[in-house]
Amino acid sequence: MTRVCVLMGSDSDLPTMAACLEALERFEIPYEVMISSAHRVPEKTAEMAKNAAARGIEVIVAGAGSAAHLAGVIAAHTPLPVIAVPLSGSALNGLDALYASVQMPRGVPVATVAIDGAFNAGILAVQILGSGDPQLRDKVAAYKEELARQVASKNARLQEMGYKRYLESK
Amino acid sequence: MTRVCVLMGSDSDLPTMAACLEALERFEIPYEVMISSAHRVPEKTAEMAKNAAARGIEVIVAGAGSAAHLAGVIAAHTPLPVIAVPLSGSALNGLDALYASVQMPRGVPVATVAIDGAFNAGILAVQILGSGDPQLRDKVAAYKEELARQVASKNARLQEMGYKRYLESK
Amino acid sequence: MTRVCVLMGSDSDLPTMAACLEALERFEIPYEVMISSAHRVPEKTAEMAKNAAARGIEVIVAGAGSAAHLAGVIAAHTPLPVIAVPLSGSALNGLDALYASVQMPRGVPVATVAIDGAFNAGILAVQILGSGDPQLRDKVAAYKEELARQVASKNARLQEMGYKRYLESK
Amino acid sequence: MTRVCVLMGSDSDLPTMAACLEALERFEIPYEVMISSAHRVPEKTAEMAKNAAARGIEVIVAGAGSAAHLAGVIAAHTPLPVIAVPLSGSALNGLDALYASVQMPRGVPVATVAIDGAFNAGILAVQILGSGDPQLRDKVAAYKEELARQVASKNARLQEMGYKRYLESK
Amino acid sequence: MTRVCVLMGSDSDLPTMAACLEALERFEIPYEVMISSAHRVPEKTAEMAKNAAARGIEVIVAGAGSAAHLAGVIAAHTPLPVIAVPLSGSALNGLDALYASVQMPRGVPVATVAIDGAFNAGILAVQILGSGDPQLRDKVAAYKEELARQVASKNARLQEMGYKRYLESK
Amino acid sequence: MTRVCVLMGSDSDLPTMAACLEALERFEIPYEVMISSAHRVPEKTAEMAKNAAARGIEVIVAGAGSAAHLAGVIAAHTPLPVIAVPLSGSALNGLDALYASVQMPRGVPVATVAIDGAFNAGILAVQILGSGDPQLRDKVAAYKEELARQVASKNARLQEMGYKRYLESK
Amino acid sequence: MTRVCVLMGSDSDLPTMAACLEALERFEIPYEVMISSAHRVPEKTAEMAKNAAARGIEVIVAGAGSAAHLAGVIAAHTPLPVIAVPLSGSALNGLDALYASVQMPRGVPVATVAIDGAFNAGILAVQILGSGDPQLRDKVAAYKEELARQVASKNARLQEMGYKRYLESK
Amino acid sequence: MTRVCVLMGSDSDLPTMAACLEALERFEIPYEVMISSAHRVPEKTAEMAKNAAARGIEVIVAGAGSAAHLAGVIAAHTPLPVIAVPLSGSALNGLDALYASVQMPRGVPVATVAIDGAFNAGILAVQILGSGDPQLRDKVAAYKEELARQVASKNARLQEMGYKRYLESK
């Protein structure tokens, strides 16, 4: 059963947002992905948000750029936690999307991650699902250990090769 | 018959947005004023926007601060021109509201005025109504002449008094 | 009869501003397009602005970058609604043009759209013309429905193909 | 049993962070509140983060200003979801804290809310707890309806009184 | 004979701009001061700029806030050097005025000083007048020596009193 | 006799600063150009500034990027007017250089032009030389007329060709 | 023997810079404090910087606001480490001073601390002196433990009182 | 014996951070270089920082981008001076890393250099080591003289060739 719904404002956002889906796949979280726009299909977007909880969705991720209203509009229609991915691509390079996502008014929060931080939005969704699920939480802990191992292995390689050969080998 | 609908996200916006109403009153434009929030009453806001044109509204003005989605959400639901007043008051002092208002995506524009520029939103609404109405346009032209007279009269007073006495007299 | 006048500060702005003309053509709005500069041909610019209303122009669109004064200077000389398109291209990437366009003083508003938002300036001009013209307003509504259909069709394709094949097919 | 741990970098953050506690109290979520600093008591902070999940904590909220590292440091040590409240108070008015909170690197997300958005951090924590708990989710939905009623009631009062009397009565 | 013309967009700018006049008085430069607005009295402003050189004016100083177009509009109409004082007072605290003043397009420069730097605008005007006038230049050099003496005397006092007593004595 | 001294912090600034020299050449102003750095050759820079007036220099232009101190350091040592060209090239894209140039303290102004506005710095230098020299001032006026003619000719071509062919022909 | 020299651009900076002196006093570091200005007494400033090392100075701290050139100018004249304290107080609230301090060109670094971070500049100076002095380093370590104890004690008090009484007691 | 420890958050930072190592090599300072991450290997990072002084390290350099916590986390665990290199590469182009590095809270300073200023971080480390070591300090002075000679030689070449040939020859 689908647990996470990933939305984006335009299909031009898909190359960036794909990293969110990869994160969810890594943890074998069933998800759905949709193109929806707060400004172009406002009613479908509202409909989707209103029905999400009843359909079993537990977390919603919304990626949008420029005057990024998608996450906020979704949050207005659902009691579920909503994660915003502010996307770059405008002349303001995502700063507009960051402000439009994170500065939500009292009572209607949106959990905002880094500009273009789609992968982290997926990880955060998994962490939310795992907050009451020890098994999934352990998987997140294991993932964090893997991150640590990657750093350790790169560092070991750097110590072995020295920085000049390391740079050349990349 | 009501021609302009003025919305704001919260009654705390009213002291600033009142200047918009004064501008409309100055030109005897019938208006309505409502508190509506894209995030707290999304359905009523959408309803209002969808029905506005049929009710005879010709221009909508929306004032909102922080992640100011109100004007954009309204614009998503109506073919009418929508004017946004980005409001200060957040830690980012209205820059968030400016970006969230003006950086709308292709196909769904919002006519944005200055941060806290509620009076100018009213004047712009009048100019829009007047774009096809020579009589109202002449009133706008007369208003501009009055602005010019005010500057001329202040300047005359400055020439007469000199800047030191002018400063003391203020 | 020409209803919209589209100005730009330099012919280097034309590739961006062309999108405004396309938007107007889409709605079959008769327009004129001119290169005019608030700083290089100030008198012609003022002349143009002063005569616009008498010549039947109903809306003026002005695109300019850097210290973008064009829309403000036009607005100083006409009771017509003036739309500003702040253009990127400077080291500040259009933020200078945005501030110089939107932060107009009391009494002389300029309707500002997104940085490089020339297409939306055209749509806003149409919305202004349509605010008192039900037929044109219906065309705007129909255009919005088309936008919705495009999103729906992209979303349907995404559902059908899955995101990986969708990405490859682009 | 304590479900949410609320941390802040300094007791000078408490007046702002108290709103988070009020939000949690409103939903009767058992919480603990601590002063902890990523820079002044780094080991205790790490200890706390490492033990949180085992102690039954499900969500951590961290409020910090300036170079706000608290939430990120916590997130480095726990698989639990971590919410950051960037706090104003520095010369950069919270923009430093926002960037230092939201721009987390790949693999270690932090769910960031608005600058000084402590109340919303509390609501977001409740939404996270409620994502797999229909009863709590219904309480969030009921809270959202209350927000809507408040707006509706203020609007009704505005319609009744007119804006001038409304402003005077405030 | 008047050598410097000092303009400002509004009489609310006079308290800040007075420092420019004091600087000119200090060097006994004959000046005139006027309220003029690029947006409210565009024609008088243009007239003034066009006639300035013929009237013997050698330097023009223009102070304006928000979308500060005054200096740029003046510069469009005169071959004289134009100094801009970007004024704070808007929600963007003068950053809008700075960008709108300094980012002038190729061919039409404006000599911009600090936000609210009216005194320095006066000194710069004197330096420009003095660039070809050894006597006036010597006065500027003498003024700079006085600045140095003031610093030296404050420093001497600090050495004598120690910083604690110095602070108390202020 | 050399009338304008053009300085830059590094020879990597020369491609941008060359436009200043072209502007001076256009008006046949004798100039000198030097690489000098406030941070790498502080004493030579100070020496140069202190001797400039005695050597007959009337205006100094200084181009620098990043923490652009060159113009300010020059201004500290000379009563001559100093023009700053803030240069882009750093991660902050010239905003650092703009702030470091324009925000000079009371008593020591620097005439700042646009980021990378080297050509305009040359024009401003000419305007300063021309402020007391009617013949040179007339040349500036003639230059401005040429700018106007260029705009007019481009506009005429646009009217003749229409925007689509104009775009293709570029 | 004086080991640290603390400079500031103006005596108006003393109330902020005093915190640097307190930090040095806390560690019993002999210091001197001077008012010196890169723009008003450039030669004395250069003299001071050039002689500092020979006089036994080991670290220089420079506090300045606006276009803060003091630290950079000092660094140009000495091989000693120079710490910059960017000061707020301008319309840009210290962002100008931060950029003008930190963005130094290749070869001439300045160690920049937070805006108005005078106390930390003192601590950093002590850390630099202590980098090769185990006894002083131990004092810094002890100071850090004291910081930790303060946090622990405030936290203990918060646990004991609860947040409501804690807030009231402040 | 290793005197400087250079850390970076990821091996993708190595191409930029290599300049720091080159600076250290130029002064024959023994150093070590490690990949370590405040967020991915927090415990090893803390361990490294805690042991650094005992291992004879005198200065630590930490390069990190985005929400750059590395230098601050290190500084929390050591009495040694810590130098931060904020790295660009994020959508905010290093501004996030600058704020997250420089705005450290009272008591825990970090010596911040320019965005991507890795070479200067190396020079600053040398200056810190040299602050109590006249021989090393003399080497720094000699290095500064070399910088001056380079500028002088480029300037001489410019004088000889003229700017046009100089540009062509580059």
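The chains carry the letters A, B, C, D, E, F, G and H, assigned in the order they are written, with residues numbered from 1 in each.
Note that a residue touches a chain if its C-beta (ideal position, glycine included) is under 8 Å from a C-beta of that chain, and two chains touch if they have at least 3 such contacts.
As the structure is a prediction and not an experimental result, all values here were calculated from the model.
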Chains in contact with chain E and also with chain F, listed by label, are C, G
Indicate the lowest number of steps between chain B and chain G, counting one step per move to a touching chain. 2
Hey, which one of A-D, A-B or A-C is the same interface as E-F, over half the contact pairs lining up? A-D
Taking all residue numbers used at the chain A/chain C interface, answer same if over half belong to both copies and different if under half do. different
Between chain A and chain F, centroid-to-centroid distance (C-alpha), Å: 47
Where the centres are mean C-alpha positions, what is the separation of chain D from chain G, in Å? 33
Dist(centroid_CA(chain C), centroid_CA(chain E)) in Å evaluates to 36
Among chain D residues, those touching two or more other chains are 10, 37, 40, 66-67, 90, 92-93, 95, 102-104, 107-108, 110, 114-115, 144, 147
Which pairs of chains touch, using the document's own definition: A-B, A-C, A-D, A-H, B-C, B-D, B-E, C-E, C-F, D-G, D-H, E-F, E-G, F-G, F-H, G-H
Can you tell me which positions in chain C touch chain E when the two form their complex? 9-10, 37-40, 42-43, 46, 65-69, 72-73, 75-77, 90, 92, 95-96, 99-105, 107-108, 110
Which bits of chain C are touching chain F when the two form their complex? 10-11, 14-15, 18, 21, 33-37, 40-41, 44, 66-67, 90-93
What residues of chain B sit close enough to touch chain E in their complex? 88, 93-95, 114-116, 144, 147-148, 150-152, 154-155, 158-159, 163-164, 166-167, 170
Quick check: in the complex, which residue numbers of chain E touch chain F? 53, 58-59, 79-81, 83, 98, 102-104, 106-115, 117, 119-121, 123-124, 127-134, 137-138, 140-141, 143-144, 147
